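First chain written, first letter: the chains are A, B, C and D, and each begins at residue 1.
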């Protein structure tokens, strides 16, 4: 049976490693926090005093660490764990790090002839505790196949996003939306309060419209993502609404930086001829600005 | 049976008035576009040459016009339709206008002893054609009761948001989210393209997470909206992720103005002591900045 | 000698009208504030009870009012002062209003066969009191010639910017810079404080560099404004600096919304191939985005 | 006579080192670009094959390198140049790097008992060539005294900003203003073009007002910086102007992201009670948001 190394027993790592133990995997763990190590030892894990010794003893090495700097310290360089890894081992980094860090890990793994998978985690610590995490996975098919049993033991949803580095990059796109939505929601609720509306009634409305139920999922695949820009609701009209919104917010002294930035983005799209296109065509307008290909679903 | 005046037969007004005719209401219509008027006459509506004459002939006067300026021209002042309205009539403006305009209409109605309801329309023209619109309604209970049969004939979802002016204000909050989400989505997809990800796989992930399925609906009522700020995911961590995101986007030359503005909002929340609070607490941080009450659901 | 009507005796209007009186002009004044009217009467001005009666009695009618709505109420429409103006009169509006308002005034003046000049005021009330204002003037040469003696009596600097409407538009461009600079300065000083620097020393440096002394004036005419984009300091380097700045500010929890927005603008310019151009070429990059002509000084 | 090591002979480093040679300093240089090394050898500099060997041979070690990563590689760690430096040497880093990098350099220097000065460079390559650079210097008095002859040979203006790290931090504040001003100017000129104004006339006006001639220098020391918030021009009025500006720009389809962000900042200041304060009080409003001390000049 394969030996699994697990370095990083923090808020997320501890429940993840615990689930591996409970489902029968043989773990060698390491963390600077000895209390966390002992907790895992209580679940039949063994431990090693350094990342390097963990690496020497296992076939798959999992890292779940706080940031790019620590991931690099633990894994890279002549003293890093990768240098100690067995031939044929796979390293799976599940930390949220920069694409450059993931790419550096993948390059070092390749240079040392070991496998590499990046698999950052979606959802929250409570999901991790219940084994219900979501994983965004980058790596070669063969490498991903080897770590898949571990992922299935820790979570319910596994997205193989592409080659090494794709997991980290997909996580950034995903968390951009999840996190920025907080500020968008915050501005909406501040505006509701500033305009003297009753919170429950505002939420009733928002819950019944595209304001919360995901137009990216429901409307966009039939519009911009297949290249149909005919207006269901035109960018010119959306810009008119944003203008009313920003004026009303300024009159009520409710600052709304994202609303203001969004309005300028619509203004920019109008300046470039998108005014009479569907408002989902903001995706095309913005990809044009960024010099990247317009987003289109491949036809089946 | 009541007579219904309907002024404004544009993209939205035409299908709405048509539905009223089909469901048996007696309409008197007016528009500068005679083709639209004739279309309604084909559905048994009568017409009047001026807004004022429409007002003289009906019990309920509906307006569905392009903007605040035109609404004011049609309804207000010594020559406006309100000045011609029958005693006891109700005016229902369904246009998307500024709160000041709605308040001016409500004030003039009150001064003239007639009822007033603001009922802007959610969803798109295609929904209006099928009688599936959503309405955000402001007005006194008695006035709303009188127009409710009309609303039921034109749509499926009626939200009575509060007194006169509440419909217009709720629409602004709602459309702020619906429209700004386009730019947020646009930045996410541009980033996905800029990072070289495959579109379908990125969407698969986004469709399975809070990035699209409405944390405002699913998570917030159990967190900030009932005052629970204990971190499921802390603002400090969200800020760390936004920092990675903005750095990666700048390295890939994908401009992301909303991401950048959101990051500064999180930075501002951290500066004011919210770093260790749940990321839904951005609502509290922002309401504090705006000097409005924090959003809390009333306990049942 | 010509009779000068002056409507609007507020913070700016009162010292301006006073200077006209002191320099020998015969004034007919009007304001809703009777104390202000009496003050001017003490300087030998006469008064009229309504704007219309002022208009009937004068050759040049000056308005200095708080906002677009009031300017329209006073001047436009069948009851407005323009309708009462003498044939051959000139109206000079010195208020800060929207371009639409100015254009509406100019159109009504033209329709009534009277002259029109827009001449909003630069500098502050203290300058107005000393007769040291700056005026941004739009209008036909002949009309401007007629009001020039008044302008010379109220200020020291007169810019004839072009036809009617040019004064108002120039004022908007000017005040955009003057006012936005406050927030730019505010972010700079907050960053200085957040980084623990000593204020006096920071200012000493800023006072000695292009950070405060107007690169638009000193450097730009020799670079982008004559089409020379060879890099003195390249946009790529400027973007690198902004990245360091925004990172340092976020680490210090100093929110900097303009810095963040500026960085995304540089990112956008880089995405469109401007990275190796001089940083003044941001003007070209932005004009391109806006779909307007690149700014070039005409060669002499 | 002291030996001066100089590592980094790029666009800025080459003219700086050349000036040192010309003014009689004995240089030992190093760069990966051998052409640059030979150029300096032509000016009587000697060279060494590695940074470490440069360090072994000199009393003062100057580095002028492209970014934080390279600076760390050259100077830090067991193989870095600092490890080879003579006892009693001084290292002066003139690169533009992050504060963390500068702090790491200063800490390593302290640990090794050598002096450290950070002295990033203001102004452009053309100034460096003429020996007219400006330096923002951080370090102990004694260390700064030792490098001062070098600085005087390379530039005309030396600001000692405070202890080690102050030079780097001051440069960030300074360059934030210098670089962001480009985008601010760009938006102003795009608006001028979008509104149909003549460029030369717009510039004439801007050159005559506070829009370009440094209110931070001319007005602020007498207002917010000494705590006088009485309004010369109130934040409420500035916000009104920004509202006119943003509306006019959106109507003309000229996107202005900084204008929009600035307006929200003014809206935020108004929400917190600053509306009737002088517009320079934006500095207080923003420092309050950032949780840092308000900027006040010490009274003499």
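By definition in this document, a residue touches a chain if its C-beta (ideal position, glycine included) is under 8 Å from a C-beta of that chain, and two chains touch if they have at least 3 such contacts.
Just so we're on the same page, UniProt names per chain: A, B, C, D = Hydroxyacid dehydrogenase.
These numbers were taken from a predicted model, which means no experiment stands behind them.
The interface at C-D recurs elsewhere; of A-B, B-C or A-C, the pair that shares more than half of its residue-numbered contact pairs is A-B.
On a Cα centroid basis, the chain most remote from chain D in this structure is B. The geometric centre of chain B is 47 Å away from that of chain D, both derived from CA atoms.
Mean C-alpha position of chain A lies 35 Å from that of chain D. Annotation: 31 Å between the Cα-based centres of chain A and chain B. In chain D, 247, 253-257, 260-261, 264-265, 268, 271, 289-291 are the positions where the chain touches two or more neighbouring chains simultaneously. Residue ranges of chain D in contact with chain C, taken from their complex: 67, 96-100, 122-126, 134, 136, 157, 159-162, 166, 169-170, 172-217, 220-221, 225, 232-233, 238, 240-242, 244-245, 247-248, 251, 253-262, 264-266, 279-280, 282-283, 285-287, 289-298.
By the touch rule above, chain A contacts chain D in their complex via residues 239, 243, 246-247, 249-250, 253-257, 260-261, 263-265, 267-268, 270-271. Chain contact summary for the complex, chain B toward chain D: residues 257, 261, 268, 271-272, 289-291.
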